[in-house]
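We call the chains A, B, C and D, going by the order they appear; numbering starts again at 1 in every chain.
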Amino acid sequence: MTNTTGKIFKVTSFGSSHGKAIGAIIDGCPANLDLSEEDIQKELNKRKPGTNDFTTPRKEEDKIEIVSGIFNRKTDGTPITGIVYNKDHHSKDYSKFKDTPRPSHGDFGWMEKYGNYDYNGGGRGSGRATIGHVIGGAIAKKLLETKNIKIISHVTQIGNIKTKNKDLKTIEENIEKNPLRCGDLDLVKSMEDLILDKKSKGDSVGGVVETIAIGVPAGLGEPVFGKLDADLAQILMGIGSVKGVEIGLGFESAKKTASEINDEYYIENNEIKTSTNNNGGIIGGISNGMPIVCKIAVKPTPSISKVQNSINLKNKSNEEISIEGRHDPCICPRITAVSESAVAIVLADHMLRSGFIHPSNIN
Amino acid sequence: MTNTTGKIFKVTSFGSSHGKAIGAIIDGCPANLDLSEEDIQKELNKRKPGTNDFTTPRKEEDKIEIVSGIFNRKTDGTPITGIVYNKDHHSKDYSKFKDTPRPSHGDFGWMEKYGNYDYNGGGRGSGRATIGHVIGGAIAKKLLETKNIKIISHVTQIGNIKTKNKDLKTIEENIEKNPLRCGDLDLVKSMEDLILDKKSKGDSVGGVVETIAIGVPAGLGEPVFGKLDADLAQILMGIGSVKGVEIGLGFESAKKTASEINDEYYIENNEIKTSTNNNGGIIGGISNGMPIVCKIAVKPTPSISKVQNSINLKNKSNEEISIEGRHDPCICPRITAVSESAVAIVLADHMLRSGFIHPSNIN
Amino acid sequence: MTNTTGKIFKVTSFGSSHGKAIGAIIDGCPANLDLSEEDIQKELNKRKPGTNDFTTPRKEEDKIEIVSGIFNRKTDGTPITGIVYNKDHHSKDYSKFKDTPRPSHGDFGWMEKYGNYDYNGGGRGSGRATIGHVIGGAIAKKLLETKNIKIISHVTQIGNIKTKNKDLKTIEENIEKNPLRCGDLDLVKSMEDLILDKKSKGDSVGGVVETIAIGVPAGLGEPVFGKLDADLAQILMGIGSVKGVEIGLGFESAKKTASEINDEYYIENNEIKTSTNNNGGIIGGISNGMPIVCKIAVKPTPSISKVQNSINLKNKSNEEISIEGRHDPCICPRITAVSESAVAIVLADHMLRSGFIHPSNIN
Amino acid sequence: MTNTTGKIFKVTSFGSSHGKAIGAIIDGCPANLDLSEEDIQKELNKRKPGTNDFTTPRKEEDKIEIVSGIFNRKTDGTPITGIVYNKDHHSKDYSKFKDTPRPSHGDFGWMEKYGNYDYNGGGRGSGRATIGHVIGGAIAKKLLETKNIKIISHVTQIGNIKTKNKDLKTIEENIEKNPLRCGDLDLVKSMEDLILDKKSKGDSVGGVVETIAIGVPAGLGEPVFGKLDADLAQILMGIGSVKGVEIGLGFESAKKTASEINDEYYIENNEIKTSTNNNGGIIGGISNGMPIVCKIAVKPTPSISKVQNSINLKNKSNEEISIEGRHDPCICPRITAVSESAVAIVLADHMLRSGFIHPSNIN
């Protein structure tokens, strides 16, 4: 089990979907950072279920309680523990999956590996485990703000519908105006229709989420096995349902020639910039001062009410399965909060690792 | 600096393109594994430069010397140190890049971060640093062979030319029959033509490399921050020039519905399988016993002789640059050896982490 | 901040003396271990304050609550989170230490390092932080029991009064018969008198605690930087008030010749043993199957009501201080629970690291 | 296997007594530190064998070669690899120990654990493995010098002969004037006589080595599991033959009352000091600005020519053994170089961890 991420700014996540509580300990956050429960609650609310037609109807307040690490409303350098108690868990919905793994869900792997698996709501394999990411990410974001680093995640694709490029300011405004957290308002209606159509058929649909970090200084990343893009890829690929990660142009680069996509340098007002940002702000594993841009491919939520083939592990027999209950017809909008947090955690860790933030005391 | 990867099977890489030597220490390999210099040399030869028209003409034997960790031709549980001495380095080619970072190369980040940067041949930012990966990977592969796990990497795309799916046996045979290590012989000629065309224009081209691991048991991977796909993404994204990583369907998943791509289970001869493998052998971060399939997007080698815009960091002025010297017009064929090694390192580590291989002594 | 110990069996500790809660997350405990809150409570009760005249009168139930990691009364391989809510904290006692560090206490270092220091009750520098050790240790002990490993800690010295060597069974019985957890009943009365005498004078006294682990197999420990004795020394020296650690003969070895203290091997009934155990069960950093024996030197609790010289950090002036309030006149009896836990944590980690316990599933 | 120590300043050690080479990789040393082979050679010479009557007659030049990590005579932030090739190994001396573990030596543990054990000269269990410590320590010392931190190790006890306390300057001068590296010249002759007497009887004798670090700022150490004293204890206890570690008064503290040994604060010329330094510069796991003082108990070298009882692991029978060949009658003088290095490694790591030295670039 490895439930800790980070080398200096370390997030240790715990808890399962239907257990008593879920949360995270953040160790390595320097002292003297202003921090309140509201700072974390605000981020948790972004991934909270049950807020609209496009997410699971499970009702959870996801109310954060900080039980350590804060003194006089500031961090004091000791581990910060954030806990969310589970409330609306309907474990009865899940008993039929005890021996029957849901297709494309983690159930089978967990059963094989650990033997004693809390199959209720996917246990710790549930998307609820990302509450730990968001608690860690909220604190990371506060820390990064002290260095004027900002991170934004938005939905750029649902099924085959892809957004057009917009400037950052527009994206930032738009995502707050629609439940899909899409940066391109022109496409929101058709995306919503697509999701509701799949939902009505007991199905779900995938998409793409882009995360952008601005204000990141040049010099983050530790070649050759602690590169910034590598660490971003690790945390992003580790989010449930993610099947692909791109930095900058990503797979588009494969089709190109160097003369087409090399990012050329120039100096303007004593600032070094590149005329394009096809590398997404990271070259050779080290940030170059341009915006960090990463995309993740999110597969359709595997829980669907359509009948599927599975097996009964106890009886060693084939068996059909239909997953009733509450699930997200498209998880992308809620994943934006998680990918934003994931990127924040990695950047906070690397800001500390590269000496841009003092490890003990930000004052 | 983080030049170590792995938690139990740990590879620490060292050395730079034009320094005295380059190599790796492998710590955590259990005792009693048969291991010789030939085992490593064989893998190094796959990534060796100067072997054909499609790679850099730099001539390096890349001869491995093992100086610790072997007793009676077997590992003895102590750190295995493999060293390759650099021979054919022409440092004079690089002096003009001392203050002028090459576009889309790591130079700028290294200069900013460390101040004292060995700009010769890209220093430690060079592709030569992946010799460490291959030394580690060769040992990992030997270890995995004891559990009948096999790993194959092949080129599936150069520029816009993409291979058709072939069965594994065909791919395995084909990659040894062409210098591009492409699994689809029908396309090799057109891929070669494309590369030579770009080369003749002082340009380079990107591509895609797929790596497949077969025989991996169900149960590898440690959610939520040590997932198998996450660790694969980390090491793969950390290979120089890689800008994207996919597991299974990757970005294609984003366009699909669950009913289209969920991998349904069935039992056949008491073996549990899935009828499709769209998840690429990993669900919820844990392997499910199906082949592990990952793809990487490789950008075109940024070193090109075409004139490009850059800057002079000393003079703080704009400056043009043309990168003469020796480079790869397409790095994909040589990267196959590296991605194969990278995947092997992660799998060996997880086989140990999950208790499939004894940590001290394989006997 | 580094609040995690262990490589596979990892204990992350959190919380401070007067904060909301204190506790630990245990990550890396394999699945299928029977575990209940009672198992942990039993160990916490050993270090609980306020139980007799020889400890601080602070009244704390130290009631454990497990909020994650247990399914069907067994571990399920996910992180186990144990929380103890603080109850009887009198923060008003401490306001005068805000700017005046207590001599030989951690206050000064914490103030310098973090700036924002919770000075109430010593904050996270308090002995209460060892609740995290005990939670982790209780789980480690349960895990070790499955391999018939048993750990016992007892007081062998208070001030200048030292116990005589007793056999393990006697020690084990005796420690439950006296509040000092001393293995030699003949000396308990004089030790108690010594403590009460110092207490009556507003002073405190030091001592020595010995911890013995039996049933540990030969082969634990990872030279050269993960030796078993090294890891034991680390965790033991890290317990508050500990100033020395010995394995086996310890400092007595320095006076001896090899012919006097070498442990000679012999075979009896096919079992390999040593005729003496001067090395305390560990040679060259690896266990040899004999009992592991370690001793720690515990300094007198620095909180005393006698007037001492200190400084005012704000005024930059010298200042006298008298520490009223509640403290332990001799911390040794309560430290036995902590050192027992500390040794258990290291042994559990090494049993996993060396493959004696399966990392995912003990079944 | 765990052959790496440190979290930021990381030393990975490799090699065995009679293998091809022995050495270390230092990863995490910031760029722009002046460093030459001479800097390391100087330290290696202190632990080199064969220099006088009080050490083993094995003749080794122990010549260092740096093969990576230096550019323009300065570190460049990449891993520094130092190699020493073994020359004077007489493997024939050891064949009789193939199945017969030497009493109080690591042989038995290594045989049990790894099966394939290089028994020649103790393999990697040999004291020669500490060459890796000294390479790492030499670099650490150079780094610490940039912050005016100095570390001195000296012999304070051989057998029952103990030195008197001297001031640091005297100790520093004296240790260069005698082969025992003892700080008290009055006792050197009797110590030498004691060693030669034991040597003549085919025996060996133990002792104590003290290491002092001056100039260490207040604020190093990361409670509760990365305390400075804990990390020092770990690395020191991990040196071969060490059986005890003390910080400050050590076991003497156990006999004392708080009023006798508490270190009281005072301010003088705006500097905060303590009137005594019984805590040895570390309280609550954090340095307080006073000299760091640690002592190690060194057992007598277990290799002696006197006949001892052992076993034959192959025949499962009892067997006598006499260890001819070359060994140290007292290892303490040579261990001073190792303990100095060990302390330097920990301090360098913590100076980086606590932000006193910039992690990438000291300029």
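Definition applied: a contact is a pair of C-beta atoms (placed from the backbone, for glycine too) under 8 Å apart; a residue touches a chain by one contact, two chains touch by 3 or more.
No experiment lies behind these values; they were computed from the predicted model shown.
Undergrad: Applying the document's contact definition, name the chain pair with more C-beta pairs in contact, A-B or A-C.
TA: Looking at contacts between chains, A-B has the larger number.
Undergrad: For C-D, which listed pair, A-B, B-C or B-D, repeats its interface with over half of the contact pairs the same?
TA: When the contact pairs of C-D are compared with those in A-B, B-C or B-D, A-B matches.
Undergrad: Nearest whole angstrom, what separates the Cα centre of subunit A from the Cα centre of subunit C?
TA: That pair's centroid distance is 39 Å.
Undergrad: Can you compute the centre-to-centre distance for subunit A and subunit D, using the mean CA position of each chain? Integer Å is fine.
TA: 46
Undergrad: Can you work out the whole-Å distance between the CA centroids of subunit A and subunit B?
TA: 26
Undergrad: Name the residues of subunit A that each touch 2 or more other chains.
TA: Expected reply: 1-4, 7, 13, 113, 124, 219, 354, 360.
Undergrad: Please name which positions on subunit C make contact with subunit D in the complex.
TA: Touch residues, subunit C against subunit D: 1-5, 7, 11, 13, 101, 103-110, 112-113, 124-125, 129, 132, 157, 159-160, 198, 201, 203-208, 218-219, 221-227, 229-238, 240, 243-267, 270, 272, 274-275, 278-280, 283-288, 297-304, 306, 308-311, 313, 316-318, 353-354.
Undergrad: In the complex of these two chains, what residues of subunit C are touching subunit A?
TA: 1-4, 10, 12-16, 19-23, 25, 27-29, 31-32, 66-69, 71-72, 74-81, 83, 110, 113-118, 123-124, 360-361, 363
Undergrad: Contact residues on subunit D for subunit A in the complex?
TA: My answer: residues 7, 219, 353-355, 358-360.
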